[in-house]
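Next up: the structures, one after another.
Common to both upcoming complexes is chain A, partnered first by chain B, then by chain C.
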Partner chain A sequence: MSDEWAPGILARARARVTGAVSVPAAEPVPPGLAAVPDGPRTWLLPSWPDGATPAVLEQYELAPMPLDRSGQARRVLAAALRCCWANLDDAPWPGVPAPVPAVLDVYAGMTRGDAALAGRWATGELRRLADTGWLVLDEARGVVRTGPRTALWPHEALGPLRDLLRRMPGPSREALGDE
Partner chain B sequence: MSAVDPEPVPSLDDALEGEAVLGVYRQMFAALARDGGAVVDDPELVDVAETLLAAFADAGEDGLSREQMRYVCRRYPAEVFENRLRVLKGLGAVREVFPKPNQLRYRASFTSVVGLMFVRRMMLDGGQSEMHRLLALEQLNVADPRMTPAQARAGAEGLARAFRLWSVELLTLTNGTIEELREQAPKLWGADEILAGAERLHGAILRRWPELDRTCTELRAALYAYGDASRRAAARLSDSAGLTRNLTLLPPETWRTFARTASRDELAAVLDGFVFDAPAPWHEPSAVVAAVADAPRAVPVRPAPPRPSGPDPGLADRADAGTADADRLREVAEQALRGRDRADVADLLDGDWPAARRLLADLSSAHLHPALPYRLVWGDGLAARPGAAPSWVSPGVFERTDR
Partner chain C sequence: MSELFDPLLAPYDERRRAELVAAYMAVEHAAAPVPEVRFPALREPALRRTVAAMLALSGRTLVRGADRDWTSGYHDDVAAALAADPACVLPVEDRAVLTLVLVHSVAIPRATGTLGEDTWLSPYPAAADELRRRSQLPVGELEAALRRLRTAGLVTQVKAGGDEAGGYVPGPQFHRLTPGARRRLQEELILAAGPDSPLAAAIRARRRSNEEAS
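Our next item is the complex of A and B:
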């Protein structure tokens, strides 16, 4: 039964269930998936036809994938990008690893209120973003890096994001010196 | 009307008969009476009556004195108790053991207790189990050899009336709001059993007394109407049930039976339309920018500094304003001239039209630019060049003006 399915369908189903998966770079990329190279491995991500992104859902007036506290998640992503996207003229992927405390510090500078509470919220968002492939989080080493999904961003849409990250204050010295 | 059917003069016997009937009615519903002429408006008042009747049942044939009754009902305020006792006495549910003045001991009426039992049962499920009981009783009655056709006819007519009213109520619910229908959903439970029981009864009556076919037809029509109405109401409920996920619309036994007996496909169909492996959320760069812009700010936004009141000269006199554009046009023009002082436009535009029209636009801009020493000079005439691109040109020259 299973050999009736095309490898592309199986790969897409696996990608939807498990999220982003990385395979050795030598393996063939099934059709319908975008391959994002990452050193000796390759991330397989579901890609949209014709270079579209899920942002087209808005043009079709369809509800996007529901997301709890989307504003907070995106601010944490912006904080992580501020630390990991070192060379802004380059593409955000693959980025450089940055210590998690630096990201939390940038995020705390972006919000008001209790910094410890903001740090806990941001840690949860970091894990969620790492689950969905937007960041690569190494909790054992305490470093974070941009995720393979950022490689799917079209280049022409990155201008405002670059401007934002240039304006955004970076992590303080203590946060960088911590680790 | 009086000519056809003269009104019989009411006799004392008739009055006595009517009074007896009324007495039964009064005793039956004494527990529900607020005063001599209206129904209670507070469920607690019925509880008082029930407490009293239970105490009377325990007291035996001696009955209760007024003080004992008050003691039994000590939970309730005095005026409530007095009011209840007056009403119950007035309607004959509680009466003196001996009808003489200054009687101290009272006894309760059996009819009132039965009436209250009936009322409580009706409250539980809106008369549906009562319908079951009635059907079962009628079934027994029909099998009874002492049953007369007149009694059977009366029973069948009563059932037909009840089913008619029931179907009218269901139809009203079906056409009303869905919330109301949901509240009344217990009325729909077990409609099939009731229908089956009623059809059995109908068949039994028809077999035993074929002369009652007219009454039976009425009953059958009422049954069909009831079946239609309940099916329609159930369809409306199940249509909306998928939206509400209100599991109380059906009795728990039905859910359990479904879970045990349904096939795998039927069980899987319950979750049709659910996506468990939801795709990952997408963060568009512009959405990230917007989220940061909308962030609650650590420091309040500062107002812009005041502007000078005089006119703003702007950036126009800056030395390097607009040089990038001119530099590019100069580069294009020099590339077109390739060291010469003048070049034929028709030669320059040789090639495919998309590239040629870009070049033409740049040459025109260089011609119109005040700081650049180039110009386009067009002659008269029009050369048609079928098959070539551009397919027609005017003779023109692009030249520099500074030498």
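Our next item is the complex of A and C:
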């Protein structure tokens, strides 16, 4: 192996460490990274050969990297998708911004027990999902939208997800800030 | 995108190509090393070289596990370049907490002979109490650091049960260390745990002579 590392190699290695990062849209995209345009910025994400996804692990019954409270993470992501993927006939990305209270309201409808505690857990989960590119969270404005990773979901995987979201109750009018 | 891999994959028929991609995805994403018996592209040396070349496009390399199994990790030179990039390194609190976990779950059991020489995975958890006492971090910061380390796969929480005390052990990422990285980590731990020991002096002397030679 050569001691000289091409800049493209280091850029891809770096992208694996940093996860989803956005750069100004005018910046060149290093080859081998997926570019997801987002207005004035572009999200850079690692991409995989021949459209493969880590779901290939399921075929081989191999455990993926463990995730704390993965059920909760999935439910919070589902609640956010229910609110931000407004038109299910379209793609989930870029979706529409939804108020965080609306997402927490949908999540509360999926859980039992202490609603205030569930809300606190879910808020932490929203941040974690935003850190990893599944959601884009604007805490100052109190809104959340789908993340750039959803732009890379293969079309054929969207059908079951659409069916699930159609069956999920949406946020209450109060949570949406309607009178 | 996929064009990146095309020059490497183009010579293969569809079946071989799918096997190469499956092996690549498995070593990159599974929590633990994957057995070569289940992946033709890891079993056959020629195909394995192609998997290694696919990994090298992102600065990665194949890492052989203990038992004819494989995972991937950063090539040593690339790891060094990334470690010099502030955006790619852990916050200092996380590194301190991780060091404590390694001292208690690996270095001490290794020094007493209960843990093998060349492994960074351990069945001996660092007790949460011990981390609270030794880390000198406010408990909130300690918890936040442990949460980030768990999310990154660098520590695994072991729940207390029966006679077992709970705590933290090194996480699945420690499968991904190359032989060179395991050696450097061992040296760093000696420098941290016994800076005045003869072993630490020998490590410093060797590093100085390597620097002068390069």
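Rule of thumb we're sticking to: the second predicted complex is superposed on the first by the 172 of 179 C-alpha atoms of A that agree within 3 Å, B and C clash if a C-alpha of one lies under 4 Å from a C-alpha of the other, contacts with A are read in each partner's own complex, and residues count from 1 in each chain.
Heads up, the rule we're going with is that a residue touches a chain if its C-beta (ideal position, glycine included) is under 8 Å from a C-beta of that chain, and two chains touch if they have at least 3 such contacts.
Source: prediction; values computed, not measured.
Asker: Have a look at chain B and chain C on chain A after the superposition and call it: clash or fit.
Answerer: clash
Asker: Using the touch definition from the top, say if A:Gly32 reaches chain B (first), chain C (second), both or neither.
Answerer: second
Asker: Does chain B (first) or chain C (second) touch A:Met110, or do both, or does neither?
Answerer: first
Asker: So, does A:Met65 touch the first partner chain B, the second partner chain C, both, or neither?
Answerer: both
Asker: Check the residue A:Trp134 against both partner chains and state whether it touches chain B (first), chain C (second), both, or neither.
Answerer: So A:Trp134 only meets chain B here.
Asker: Let me test your reading of the model: by the given contact rule, A:Ser47 touches which partner, first (chain B), second (chain C), both or neither?
Answerer: second
Asker: Once the structures are superposed on A, label A:Asp89 by its partner contacts, choosing first (chain B), second (chain C), both or neither.
Answerer: Touch partners of A:Asp89: none, neither chain B nor chain C.
Asker: Which of the two partners, first being chain B and second being chain C, lies in contact with A:Arg16: first, second, both, or neither?
Answerer: In the superposition, A:Arg16 contacts both chain B and chain C.
Asker: Once the structures are superposed on A, label A:Arg74 by its partner contacts, choosing first (chain B), second (chain C), both or neither.
Answerer: first
Asker: Common interface residues of chain A with chain B and chain C?
Answerer: Common to the two interfaces on chain A: residues 13, 16-17, 46, 53-54, 64-65, 67.
Asker: Going by the contact rule set out above, which residues of chain C touch chain A in the complex?
Answerer: 1-5, 9, 17-18, 20-22, 24-26, 29-32, 34, 38-39, 54, 56-61, 74-75, 77-78, 81-82, 85, 87-88, 147, 150-151, 153, 156, 172
Asker: Can you list the residues on chain A that touch chain C in the complex?
Answerer: Touch residues, chain A against chain C: 1, 3, 5, 9-10, 12-14, 16-18, 31-32, 34, 46-54, 56-57, 59-60, 62-68, 128.
Asker: For chain B, which residues count as touching chain A in their complex?
Answerer: 277-292, 294-298
Asker: Chain B touches which residues of chain A in the complex?
Answerer: Checking each residue of chain A against chain B gives 13, 16-17, 19-20, 46, 53-55, 64-65, 67, 70-75, 77-78, 81, 109-113, 132-134, 149, 153, 157-158, 160-161, 164, 168.
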